[in-house]
Amino acid sequence: MGIVLKDGLIVTAVDIYKADIRIEGEKIVAIGSQLKKTGDEVISIDGYYILPGGIDTHTHFDLETGTGIRTADDFASGTKAAIAGGTTTILDYATQNKGETLQQGLNNWNQKAKNKSYCDVGFHMAITDWNDKVPVQMKDMIQKGVSSFKIYMAYKGIMQMDDEDIFKALIRSKELGALITFHCENGDVIEALIQESKSKKYTSPYYHPLVRPALVEKEAVTRLLYLAELANAPVYIVHLSSKEALENVIEAKKRGVEVHVETCPHYLLLEDSLYDLEGFESAKYVMSPPLRKQEDIEALWNGINNHFIDTISTDHCSFNFRGHKDVGINDFSQIPNGIPGVEHRISLLYTYGVQLGKISLNKLVELTSTNAAKLFGVYPQKGTIAVGSDADIVVWDFNQTSIIEQKTQIQNVDYTPYEGMQVKAQPVYVFLRGNKVLSQDGGILEQPQGRFVKRKSLKGE
Amino acid sequence: MGIVLKDGLIVTAVDIYKADIRIEGEKIVAIGSQLKKTGDEVISIDGYYILPGGIDTHTHFDLETGTGIRTADDFASGTKAAIAGGTTTILDYATQNKGETLQQGLNNWNQKAKNKSYCDVGFHMAITDWNDKVPVQMKDMIQKGVSSFKIYMAYKGIMQMDDEDIFKALIRSKELGALITFHCENGDVIEALIQESKSKKYTSPYYHPLVRPALVEKEAVTRLLYLAELANAPVYIVHLSSKEALENVIEAKKRGVEVHVETCPHYLLLEDSLYDLEGFESAKYVMSPPLRKQEDIEALWNGINNHFIDTISTDHCSFNFRGHKDVGINDFSQIPNGIPGVEHRISLLYTYGVQLGKISLNKLVELTSTNAAKLFGVYPQKGTIAVGSDADIVVWDFNQTSIIEQKTQIQNVDYTPYEGMQVKAQPVYVFLRGNKVLSQDGGILEQPQGRFVKRKSLKGE
Amino acid sequence: MGIVLKDGLIVTAVDIYKADIRIEGEKIVAIGSQLKKTGDEVISIDGYYILPGGIDTHTHFDLETGTGIRTADDFASGTKAAIAGGTTTILDYATQNKGETLQQGLNNWNQKAKNKSYCDVGFHMAITDWNDKVPVQMKDMIQKGVSSFKIYMAYKGIMQMDDEDIFKALIRSKELGALITFHCENGDVIEALIQESKSKKYTSPYYHPLVRPALVEKEAVTRLLYLAELANAPVYIVHLSSKEALENVIEAKKRGVEVHVETCPHYLLLEDSLYDLEGFESAKYVMSPPLRKQEDIEALWNGINNHFIDTISTDHCSFNFRGHKDVGINDFSQIPNGIPGVEHRISLLYTYGVQLGKISLNKLVELTSTNAAKLFGVYPQKGTIAVGSDADIVVWDFNQTSIIEQKTQIQNVDYTPYEGMQVKAQPVYVFLRGNKVLSQDGGILEQPQGRFVKRKSLKGE
Amino acid sequence: MGIVLKDGLIVTAVDIYKADIRIEGEKIVAIGSQLKKTGDEVISIDGYYILPGGIDTHTHFDLETGTGIRTADDFASGTKAAIAGGTTTILDYATQNKGETLQQGLNNWNQKAKNKSYCDVGFHMAITDWNDKVPVQMKDMIQKGVSSFKIYMAYKGIMQMDDEDIFKALIRSKELGALITFHCENGDVIEALIQESKSKKYTSPYYHPLVRPALVEKEAVTRLLYLAELANAPVYIVHLSSKEALENVIEAKKRGVEVHVETCPHYLLLEDSLYDLEGFESAKYVMSPPLRKQEDIEALWNGINNHFIDTISTDHCSFNFRGHKDVGINDFSQIPNGIPGVEHRISLLYTYGVQLGKISLNKLVELTSTNAAKLFGVYPQKGTIAVGSDADIVVWDFNQTSIIEQKTQIQNVDYTPYEGMQVKAQPVYVFLRGNKVLSQDGGILEQPQGRFVKRKSLKGE
């Protein structure tokens, strides 16, 4: 017994066509017409679009900051919000804390996610304490399905790694077929600018972007790409935000460096004028890198259409405005960095991208699902609508208008950076491995269905 | 009654998966398993790959040069060779000769192709005589399904157009949603260099690349892209050959210019040392632009993988070595320019691209079919394997080795630039709109099945 | 009997020091202290600066436009204004009109300048009618002391030369050691934009800059530099105006192209907002290229300090606002192009350059005199303060404030683009080859003392 | 009573002319003819050239490495060699060792140089231990005439400073008008590459350049220039060696960063094939950065002529081949880094630069003397031939051929990297502040005449 989705418009990263889909068990088994078999449930979705389930490659659920503040969203609320927004897989950043092995990091994150996740969950492993044992542990991680890693070039004294260790990690990643993702900002310069800012009593959120100018991102991106070129290793840059940084990414591509780039909806939709709000309001937009200018936004959209950018993820890292963010009311550098986003990623990109003619529907799928699956080793299991793939399917109504509001959102945080923005995209059904986990009428299935996603390395192992 | 292709590996520009395909009439109607209906023919293709039929966007069949030499291949032999090589659609360059209307050019080419073509055929329209009536005629062409045009920046005094007319044509193309393709070499400098070369009695084919250096291509590309930026019009560069030129394409992409790039198999596989052969042998490689150096080849492959290059077509323009090329035995500038290629494009790219790990199979499909269909307005009718698309399907055996030889080729020319090269890719079946026009056992269907392909503009009209 | 200038501050392109100068006949014979010989006139200039006489490499005196309008300034008023502004040598653009030999062009200009010039005068030769005899005539010109030429890439159908002829001229210039100067704007695109503008009834001076955007300059500069690279010939770009164009000059320098750049005071001091004045007022600023934006101005100043720019000349080409400019009152494209400037070049650059800390005094000398002398073959005769050089000496008072006004200027035109601007630099004495041709008390010597300047080629011949 | 140098050809950074020079005391007092006063000594130098005394801005005399090896040359032999080679001022790198104040560093170096120096001596101050007191000490150094500093981006764990401290130092330098000079190589990556090299038993000098590839220099240069841009501070890059690095210097200049560049004779004259010599011979060329390739050499010469490079100094740091260099016979990373050069800088640049037509004589003076004086605050006291300047004068015979040989050199080291090379430039007389310290007949004056040179900041204080 299967399910037949009838008369939808199927969209992949390359195709768009009208056909029925038949699901059996966890998989898509046929695409065409007259697919119904005895016992099948037939769901008519005429007028709706069928997209592969979204993959958000960058979340931080249930994360505790160095100062002991825990994110507003844990894996339960975070993955539920993902499902509500048409995302069926998230890749969260497990982290090796100082003194820990990578396995200890993975254990901690497995614990956080276990039995709670409404969507499928995979982990990258953030390395913060490079030592002689890490190279071996990296191989072990890959065997356990954690085939990608993260290194911070910012957050000096906490997460930041120096160039020697970065270079060694790159050499190792090349050997293993692992992909390392990088937070690219020069943490040293930021540290000096924060000190200078504080010495001048510049303490409001207004100063947050001023201590993290685009050149600080450009520098780190550029340095990383020279190191990658020397190590002959591929790299993935998370949350790229500025035109300046993107320009040097393109230079590196010219030289043959294999570099993949992620940006986030907020860098495409919001501007740095938001740091000029009254009172402490701008704290809602304190994340790193900070929001940029109109010319950066244009460069990012242009970069998307020229394949300079591969993925759009959220860097969802939610802190409540009251109780979390206000820790930094007298010192912007103490404000926990991060904003929510997992719930509205695809609807925002549809509304402010596809509808405005900035990108095609195929590009939307490519950016929010297919490229993520390919880069992080879950393709063709996920990331497309094809026979044999997981039936991670979202049926979208692109004619239904709604307003983003904190009070109606699923994610568990006391604000949203997109408050009041209209979106014209609503999931009608969400299937997770053939399981109908959301229907517009019935809401989200109570019981979490998410599983751990074991991912392959770039070598396909 | 339909046809079921059973157990093949389906490859699109993004996907690869095992499934059956069912064809009914001219269309693909289902993909999955257990698709057979009563009366269907079932063809088992286990172990083979199913790719969308190739689209070669750049051929010159039945072309007469200014000096009255006619290409070795007409539409009969040319399109038959296309089918033999897994290409089911070609776009040939119809040409408005001086003093003609565009319609007259189209009539001439319709006449050449009529009732002779083994594969589907569309036309671009080369404009060589810009005048006040051309803008109106362009609109007419689009309505007739000829939605793309061509302008030459080389061949001074013959085809070359000056910047004023190019700019006006770009402005007009933007209004109409037409895409203009450009031959980018500075014909003025080439003319001066030819004169200088001849004044020094440098007359052998050895000098052909020396009067067409990469800078001459770079200059024309760069100029075109500034004009396109000013006109805010998209452009398509045919047969891009050099690293230098590609670098400025990338610069333009950075600036937001919409530029699409085609290269050819010979620029990816052959080097300019071929101009140093004994006797007149190098005349076989006299085409424009000329072959380049190893560093150019590397830059082109890198460009392919970074999406700087969209399509690989052949610029098939075959002249016999004896009888055609030897007209220029005492003056290389009189050698008719062009080489054959339509027959071996995909097998060469598979063998020297996919097999050597330079590109993925998906990329092969993207370059040889999907992007062409999208850019030139025949998508989703052609260019993909999807329900509802034309059943232009090539079943490939990627384990069958053969040698390229003039004596066994289908194309009607007395040499091949790839003589003696091994390929490991053989079409087992070719379907043209559901019609089995080639089977490895039975050869190519005698009766030409090709039709004119009416193409849409970039506005989708 | 000589002259001793006592206690001035001597400034060259590299040095600045306090010393006396002794002049004998036409030459500087000693620098130091206690130089007075019997019979010498001693002039105390304590507190003043001694600069080498200015060289303005770009003037158009007594020029008749294609439509029969003659410039407001002839060689008498123009060179008198030069002396008034501290310029002792000008290089004017003699022009070969269509159908003429270069010698005829030179004869015409010799005639215009003869017995009238207050400062020394040399000629470049503008080639507008390339033919087989021109290469020989070029050699003849050099032997007559006209060692530099000019080619226009703009003014289609009038002065514009095509790429083939440009390339041949470059090859020839390399052989001869001649330097060709280039007006770099794409005349074809300008022509199309003018037609488009007029078709829309956009006829006021406001539209002048819109038909000559910076990209049109950038394109021509870029094209020229590729041609120069192919020809291995040095080039000199006149009146460079935009950041965009300058960027590609720098790229060419990186590649080893020998390119010299001239800009003008108006591109450094005035902005394109001047095309938005009421009525027909903006016609006063109609020259080509047009004024640019603040970011261009900044790029030019930066270019000056990084040696990307070699000379600052005026392109003095004065037309009266009433009687000349107003020919184009209903069609901006009919306004005679050009502005006055020879009189105020150095005082403006001192005031808005040196005084504001943008450039050093040495740089002022380098830009307005020394580099010009070196590039155009009159060094060390002119362009410096050194023993053995012509005593072309300007004694400046940099503490004297005055206002630029039409009513007090020497140049013979009914407006000045700098009306009302304050300058803080006044020549106290001007010596032309040892001759005191201006003193602040006595004004300018009535009798013209200017001579023809025979210049050497880049080969030093 | 003075000295008159009669009939020489005087060369400055801009001028060249025949005139006599009169020296009185330490100064040049007149230039011209008939300058002799009663009691003057007249020296006829007809046929010879007069250049300002060379300034070598980069020496390491009497330096002890971290492993206790002392350079072969101390201030006696080093400055004597300088005089022998036409250099009258050197700027040596005093160094603050870990734990020391800047004053202690200065004391140490004053001690080394005192009463021993044959030419004038100034110091830069290398900062290796940044702490809160250094900013105040920097001001003190400037007041003592040490207005320039140095920071190492290489030599991890020894001299290398991290980006935070570099950035703070830049901010401070801007406030003070100090110029910081930078050794630009990424010490972290070098460290990792050395470890990797050793782990593979790659221990010969052949591997020295492989652990310090040009990209390592390019990265550090690029990073520095972004930091300088953020700090709005000028910087000076020592011993730039590669095309790659130079390209990003040019990019920074485009952006308005004030960057000055030094290269060395060995990067202009020697190639990296010297690391492929038999036995341990290549150890003679172990310095950092290493020698590069032909294309780098060409880029540097091109950079010189385009003003991308300001100075040519030697980085003279001599170690004996036997006794010093051979410490690293089993481990190239232990070889003390450095080569001799102070003695042959100008004669090499004349012979292989001016004579071969690569640079002009003026450029030679600019690179070896004038720019150094201007950048490092001793102009116009030194760096030119002008009335009022120190009579640091070198009379050159450019027609005298000799061979560079270890056995005849003055510098006290057991080899020379230029062994056997012919030079065609010989000092005939050297005057240090009016003192004839070398004559070709009489050799070098026995008694050291050198003094400490107090230098001004960029603010002129």
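Per-chain residue numbering starts at 1, and chain names A, B, C and D are given in the order in which the chains are listed.
Note that a residue touches a chain if its C-beta (ideal position, glycine included) is under 8 Å from a C-beta of that chain, and two chains touch if they have at least 3 such contacts.
Note that the structure is predicted; figures quoted are calculated from it, not measured.
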Which chains contact both subunit B and subunit C?
none
Dist(centroid_CA(subunit A), centroid_CA(subunit B)) in Å evaluates to 39
In whole angstrom, what separates the CA-based centres of subunit B and subunit D?
58
If each protein chain is taken as a node and each touching pair as an edge, is the resulting graph a line, ring, star, complete or other?
ring
Interchain contacts (touch definition) - all pairs
A-B, A-D, B-C, C-D
Residues of subunit A touching subunit B in the complex
10, 12-19, 22, 29-35, 247, 250, 253-254, 256, 298, 302, 306-308, 366, 370, 380, 384, 386-389
Taking the complex as given, what residues does subunit A use to touch subunit D?
156, 162-164, 166-168, 171, 186, 188-189, 191-192, 196, 213, 215-216, 218-219, 222-223, 226-227, 229-230
